[in-house]
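There are two complexes below, and they share chain A, which is joined by chain B in the first and by chain C in the second.
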Partner chain A sequence: MRHRRRAGWRPIMGTVSVGALLVVALALGQAVERFLPSRDDTLRPFERAGVVGEPLSLRYGTIEVGQPDGSTVLHAPGGVYSTTGVYVVVPITFTAKGEPQPLAYVAIRDAEGRVYRAGSRRNPWSMLGAAQPGIPRQAQIAVELPVDAVAGAQVVLAPRPNDMDHRRDDVAVVDLGLTATDAQEWATDDDGVTLEPAYDGERPPS
Partner chain B sequence: MNEVGWWRRNRWGLIGLPVVLLAALAASSYHVEDWWWLARPRVAVPATEGEWVHFTDIRYDRSGDVPIELSARLAGLEEAVEPFGGVDDELNLPTGTKGVAVVLEFQVAADMPLTACRLSVVGADGTEYAYQYAPPSIRQAPSPCVPPDRRGPELDLFEGLEFADGDPRPEEWAVRPVVVIPDDVEIVEVRLTWGPPRHLVFQVR
Partner chain C sequence: MTASSGARRVVRTLREIPFLVWGPLLLAVVLAAGVAAGELVPRVGPGRIAELEAGVEVDTGPFLLTVERARVLDELPGVAEGDDTARALALVVTVSLTSDRTLSGAMLADSVALRGIDDDGPVPAPNVVVLADGSHLDALQPGLEYEVAMVWEQSAEHPEPVELDVEVTGRTLRDSAIDGAAQWLDRTPVAAGTVPVTPMDSQAGADNR
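The block that comes next holds the complex of A and B.
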């Protein structure tokens, strides 16, 4: 009698054990996933911080950002533009490494994280193609900003034009060192700043 | 009762396991060709400066596969005295740089579309410098491998885009495209491609 009862219990216990193991495995997997970095985290770019006047070394070359200037009027090759905000003009020196490289993404990011992209008619930016390795490419960007976006602004530069393609690659982020005083001074300036066309070679001493 | 071992009981699963693993790997590798193999030149056709080399490739346009067949020779490297193609009259290169004229000779049928080529030179440290036709320091003909005034046929890439018939391209010609490089670079290789993965690699003597 006892022998038959034990034999009847064995398959049921086997099924329950398998089910319990399955539940434990799922719970363990969910717990592990909670501690792993999110997909966005693993795909994020590598932001390399820099300051004005200091060369910043990246995977694809070296970037040096010069002292920015600003005004309410911009004299650009495409025309003269005026703004109720501020035009910030930033000189950039890019020396490619390894093979010809472009800098196709340029933007200004303010202290609140808002991004103002360069590369349109009113925010001109052109490097005139890829820079040859070892030959510094001098260029300037001009970005129209609200006055309250100037203080604490950073310039962001990357080789690919689409910011979705910055995943897992170096992105230069350079603090422009701007303050509210700069913002107010430029917001009342209508003498204008001039955007120079890009050229190759060393920047002449100022 | 004979007991059957674990290995024997699972033999068919074990035999099938490597096949299944390979199939899973292949199924998830559909991006490897487009995103890695074709992203850069990977199949080199070697040659030495001064020697003729026969090169074949297949391009693709709206009409389908377009075969390319040509003979090419790197005649030499010279100090450039003018831009290639006569867009600018003279060279005005920045301090610290030099212009190298890459003298190439071709023997090709006149109806072969060859304008979309990429020319580059490689320094002793492996750095690659590309032919550029419109950087700030120089303006040249867009294509470094065909005569600027008799380019020959183009690939049919865009519907509605037609090119005016010019003078036919000769079946033999030489070009001197200029590559701007830093002063201190010594060129060891010249590379020419009409699209990855195949490319010509000339060793410089």
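The block that comes next holds the complex of A and C.
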């Protein structure tokens, strides 16, 4: 009986050693994976920063963002809209490069990272389809935001409508240069701001 | 054979079984007990429907919404052009987003349904109108509160309701199994109840709120 017990300990110790080595290997693998770049990092878009009034060159064309305006009332081709926040209207000039190209994703991103998409009737944006290469397309976007989202807001533009498809592509991010003073001024304005329809050609001097 | 001698025989037999046999068996028993314990814990959450009350906020997941009041109208110009064959049923609702991204008005319309409006099941709102400007609410922006009228048409063949039976549906934010994108999925009723109706008013055309 004692001989059987002593001989039985060797396979047990062997099993425990193998198990311990497995656990150590798994822990090492976890630690290594923590230092490798995540899948989201490797697929992120390339954000190109710009400012109002300066042309921004991207893979698919050039974007220039004009001086924004705002009010609590928006006069748009689809109707007259009023908001409890502020409507911000941003003029945009897009010149496609190489091939006809739309700008199908337009949004305003505030300083806290909240994203306000344009492209609905209450938040209109119309490119009139794809812009022909070399011909400037003039368009405007209008987005309603809470008043506290205006200061530090940026406009974000990309060719594809789904932001998951912005992976590894150029995305324009232009600081609108807005302040809390602009927000307060527009929050008390009910004269309204008008959204102009899109057209091709140079923007007339203001 | 006495009980104690029987027990000693069992213990002696167990001692003779190798560790490699009874070790994994014991582990399997422990894991099974853990799984069973999880199944037996009473779950609180999805499946429990709260009582809906006028003026009380409901968290549906993507929306925080409050059903303020219910109206029955002959018509709502631009939305429900009523005639002798139909009437307009409206819920006045205040709503805001919980998320930090734009959501479609269609998801809001799908979140509030009336039961008993006709002979079929709950009917989601076909029209959602912003009270401030009469526009169709096709997109909600984060950080803003909207006061809207959700409007249904009902055949005049049905008796005029004195209360509306409302069902609110919620969703869960999770990664889609199809494309991995985070989406509001898993539609589930989260609140239901009746809201008393303000009777039809002879000045309904002038005051539709």
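What we mean here is this: the second predicted complex is superposed on the first by the 174 of 206 C-alpha atoms of A that agree within 3 Å, B and C clash if a C-alpha of one lies under 4 Å from a C-alpha of the other, contacts with A are read in each partner's own complex, and residues count from 1 in each chain.
One rule holds in what follows: a contact is a pair of C-beta atoms (placed from the backbone, for glycine too) under 8 Å apart; a residue touches a chain by one contact, two chains touch by 3 or more.
Just so it is clear, the structure is predicted and the values come from calculations on it, not from any experiment.
When both complexes are superposed on chain A, chain B and chain C fit side by side without a clash.
By the document's definition of touching, of the two partners only chain B reaches A:Glu202; chain C does not. Of the two partner chains placed by the overlay, neither chain B nor chain C lies in contact with A:Gly50.
Once chain A of one complex is fitted onto chain A of the other, the partner contacts of A:Ile135 are limited to chain B, with no touch recorded for chain C. Judged by the touch definition given at the top, the superposed model places A:Pro124 against neither chain B nor chain C. In the superposition on chain A, A:Pro68 contacts neither chain B nor chain C. In the superposition on chain A, contact of A:Pro102 is made with neither chain B nor chain C. In the overlay built on the shared chain, the residue A:Glu144 is in contact with chain C alone; chain B does not reach it.
Look at A:Ser82: by the touch rule set out above, it reaches chain C but stays clear of chain B. If you count the residues of chain A touched by chain B and by chain C, you find the higher number for C.
For the three-chain overlay built from the shared chain A, the minimum Cα spacing from chain B to chain C equals 15 Å. Listed in rising order, the residues of chain C touching chain A in the complex are 18-20, 23, 100-102, 104-105, 130, 132-133, 135-139, 141-146, 179, 181. Chain A makes touch with chain C in their complex at residues 8, 11-12, 15, 79-85, 107, 112-117, 120-123, 143-146, 148-149, 164.
The residues of chain B lying in touch with chain A in their complex are 94-97, 126-130, 132, 134-137, 180-182, 185. Those residues of chain A that touch chain B in the shared complex are 97-100, 128-135, 137, 197-202.
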